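Labels run A, B, C and D following the written order; every chain starts at residue 1.
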Amino acid sequence: MKELLQEIIDKNRKYTKEGNVATYIPELKKANRDDLGLCIIDVNNNIYEVGDCEKKFTIQSVSKPITLALALMDNGKDRVFSKVGMEPSGDPFNSIMKLEITKPSIPYNPMINAGAIVITSMIKGKNNDEKFERMLNFFRKLSGNKNLDINYDVYMSEKRTGDRNRAMAYLLKSEGILQGDVEMVLDLYFKQCSIEVTVKDLAKIGLNLALHGIDITTGERLIDEDISRIIKTFMVTCGMYDASGQFAINVGIPSKSGVGGGIMGTVPNKMGIGVFGPSLDKKGNSIAGVKVMEDLSIKFDLSIF
Amino acid sequence: MKELLQEIIDKNRKYTKEGNVATYIPELKKANRDDLGLCIIDVNNNIYEVGDCEKKFTIQSVSKPITLALALMDNGKDRVFSKVGMEPSGDPFNSIMKLEITKPSIPYNPMINAGAIVITSMIKGKNNDEKFERMLNFFRKLSGNKNLDINYDVYMSEKRTGDRNRAMAYLLKSEGILQGDVEMVLDLYFKQCSIEVTVKDLAKIGLNLALHGIDITTGERLIDEDISRIIKTFMVTCGMYDASGQFAINVGIPSKSGVGGGIMGTVPNKMGIGVFGPSLDKKGNSIAGVKVMEDLSIKFDLSIF
Amino acid sequence: MKELLQEIIDKNRKYTKEGNVATYIPELKKANRDDLGLCIIDVNNNIYEVGDCEKKFTIQSVSKPITLALALMDNGKDRVFSKVGMEPSGDPFNSIMKLEITKPSIPYNPMINAGAIVITSMIKGKNNDEKFERMLNFFRKLSGNKNLDINYDVYMSEKRTGDRNRAMAYLLKSEGILQGDVEMVLDLYFKQCSIEVTVKDLAKIGLNLALHGIDITTGERLIDEDISRIIKTFMVTCGMYDASGQFAINVGIPSKSGVGGGIMGTVPNKMGIGVFGPSLDKKGNSIAGVKVMEDLSIKFDLSIF
Amino acid sequence: MKELLQEIIDKNRKYTKEGNVATYIPELKKANRDDLGLCIIDVNNNIYEVGDCEKKFTIQSVSKPITLALALMDNGKDRVFSKVGMEPSGDPFNSIMKLEITKPSIPYNPMINAGAIVITSMIKGKNNDEKFERMLNFFRKLSGNKNLDINYDVYMSEKRTGDRNRAMAYLLKSEGILQGDVEMVLDLYFKQCSIEVTVKDLAKIGLNLALHGIDITTGERLIDEDISRIIKTFMVTCGMYDASGQFAINVGIPSKSGVGGGIMGTVPNKMGIGVFGPSLDKKGNSIAGVKVMEDLSIKFDLSIF
């Protein structure tokens, strides 16, 4: 098994040359474009790690489905989906246009930035510190990694340069969709995006979703079953930015990518997958990471379709 | 089993009052708003029919994934997907806007009208008659119904009033996406939409997809396995117009709807489903039909997620 | 005077090198990119012609304000402006998008193609031949040129390749804005665009507008005074495609351009101007022609602002 | 003369019932919907005031052309128009969409909010206080009213609720169009909009533009002649929000409106006009004020076209 995975990494590493690391958050430019790592944890808790699996990277948009799960448990489906829709948008993740031309102007789904910011604003807590503590604890429990924490430099970098997210948040505020103080919500959102993980952390969270919310080690239910299904559905329809449709056809594994280079995959009843490759394609997905997912899907027949 | 299905029909018939039959094709106004029918065929070829299952209706957009399968077998994936994309559009099925603001201006996917017209134009044949004959034969084989034919009144009605489809087709022509004579392509497309079916026909085609392209009676392969997977993926990401995301979450069965009131569902390795209810919701889906699908999914645990 | 004009032509001819002749109508590619001609007729009927003033070219969009005048006299303001708006659109002349996102979906103004096609459809006549005869006679009277006629090759070329205009017309038809047979309306529109003129013809028509509708030779009123004012206003707000705002600031002369390379200007109570230069800038205006207009405005203080 | 103007006010006051005072800035809701006032100052310095001419109101968007004049004198045309365009946008004044779909994403013109905010950011001064002092002094000089000042309640109300303007400003910042601290720029912009004026103040500033920048009392040049022309051109093409085209046709007087209910008009070489009527139509223009302008234009033949 491990050799097979190593082969997949070796074969696809060349694609890292065809993409570029994210530049719109200055701190992300420091990533090493050649890195490529993979971790798979199966339902027997076998852990396979190959490539640059020890590297830490910020979770970025991979955090969106996880925070969504917490927000759904905090608020219930009705309340959450009165503020954010369920439809793929067909637009880039940072698009603002649809907020203007569709009424009511709620974000299309929780995987685009506008929707994710609204979701973050719904995390319970009596202040921002408590909200972040609850969020971080949830990430720690799911990953089984008590040391999970934010990368302070990336967080500060996002905070300094996140003007497009600010634009979206203020627009949502002016439309009555976003409650509370915009800068506070964004601060929480930037922290969420700056949580530092490894491919093993992502694989472990993916495994939890593959087991419909049950922790493999403790047997504890961490996510409600129906919420775990909702999360996986969003990962299929909107998980890979505006390349989700193509990814569903070519790979067919519920997955979520982030501009830090991470991809989290979940194969129902089979395995969780974590991939890291900071060299991105034009849509913001790990360019070699997508190839790795494609090979995994074909080699092990993992498509849900 | 049949009683269970009858209950589901009885329980949901009231929702037909909350929608309306399609009016944009004048001939469709003649449908009976109260109708609701259901057919399920399982992998043991058990056939269950309840409600208004004997009623004929035009297939409309439910034809899109089927014609796509034929076009893919005629032309190969590379050629087809150079002309039509794979992404959900986030816009109504008859939207033109994205053809203008995205470059290259290929339709987002084969399930919106613009994409479906391009797909229809790719069906092989030395003239329109042969193309339609090949198409109709394909539908007949998949449904196992040799009597399948077009409803001439609906076809003529669409032809007379299909100016928005004409607008799209001429725009695609001017962008070099659509080849051939526009009126000829549209004539074929209007015929395709006017094929008359029953819920049993749809359930049979759905079953073929559930069996990855194999005909249950003859054992013959009618659709390539990888193409059958592509079709099912599109049914999940774009099958229910711009309510596909919500349907994926609430139902999770690869499905395609049409404004004639039909819904075709396919549950991998389990069953094919045909529903008919001409009373539509605002997005163009059978309003009671969607409820029936939701109940089926919950009752028999059919979600793929 | 003539020397001054000759200087202006000589000085600006170099700009023809920086643009290109229109290519989207194949027949227009045959134009000579270097050509530049100018004619001014003042209110004392002095005629000044310099440069390539003997060259014939098709009138294209310069016909829009003229046909609008006829449609307004045929139908009255209320009827015309119930079908076409009065606002600059901010979009390219062949844009379709606003027809989709604004309701009611009437074209923004009569100077973009969508609006101009609706205007053409409102010309009175018992059949297309009579409509075109009335239109052509109107153009002949205004230009004082009885030999004005269409360029048959350009007309056929437009008819063959005008699919984007077809798309717009069918969309307008499907929205109930455009009445009558689309192909008949377009045939009339393509003929209108294919009328062949010289700079003198344009200057003469511009002079009529400068005199508020009165023919300088016969003293006959050819355009109602208030309609002549409406025409000039549209020439300022929408006459130079989506460069109208910049042209109003830099030149300030009510003008209309066409992709055939013509520009018609009208300086109230002073003069009519005709310019020809088929090398176009990116927005579709004669690249050297705009420079000539700018120099005329500054040299003779012609801005209305 | 005064009787004529009084008649126009009396005749049009009924239209105030058909509109509503602005509500999006809470403080503006306090305006009296029935108010209607008019002041005209001609080039002989005759001042005519009728109706509710003593009422004070905040200048709002009427400030945009005035600040543009100062910014042009501070920075020169090249620099200003590298950051803001010259074209009517065809969209509502607070639209964000075009900033996303057009590249480079500079605002279409200085009369929509996005453009006006960029213009405000270009006012010179070593800090915000000095910038506002320079701005206020410019408004005072032009109006000849040394007591001109901001309405503090409206300013604070705008600051509290201006989230849509914030959204635009952060988007412009993220695109590199807007320099400096967003909150500082907005603070200056909100102050600018909150300057309190009477119809006489607006008429006086309109007269300055009618005299091409010369103060009628002192003979001092306050605005460069070519800049005064640019300002008037923008007032025609973009001065009345997305009703500018219609206003140009029906009225033809270079004018600028604001949601406080003010309209400033300028008739070259003839007069300055100030109108106040806080009841607005759907596009944000004073509903009775527009009617007053129309009557003035017809009665005194003031259209520039």
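The criterion applied here is as follows: a residue touches a chain if its C-beta (ideal position, glycine included) is under 8 Å from a C-beta of that chain, and two chains touch if they have at least 3 such contacts.
Please read all numbers here as calculations on a predicted model, not as lab measurements.
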Checklist outcome for this item: Shared touch partners for chain A + chain D come out as none
Checklist entry - What is the distance in Å between the mean C-alpha positions of chain B and chain D? => result 54
Next on the checklist: So the centre of each chain is just the mean of its C-alpha atoms; given that, what is the distance between chain B and chain C in Å?
Outcome noted: 47
Next on the checklist: As a quick test, compute the distance in whole Å between the mean CA positions of chain C and chain D.
Outcome noted: 32
Next on the checklist: Two-or-more-chain contact residues of chain B, please, as numbers and ranges.
Outcome noted: 101
Checklist entry - Looking at which chains touch which, would you call it a line, ring, star, complete or other? => result ring
Checklist entry - So which chains end up touching which? => result A-B, A-D, B-C, C-D
Checklist outcome for this item: Listed in rising order, chain C residues that touch chain D in their complex are 85-91, 98, 108-109, 229-230, 232-234, 236-238, 242-246, 248-249, 252, 254, 268, 303-305
Item to check | chain B-touching residues of chain C, taken from the complex the two chains share | outcome: 95-97, 99-101, 163-164, 166-171, 173-174, 182
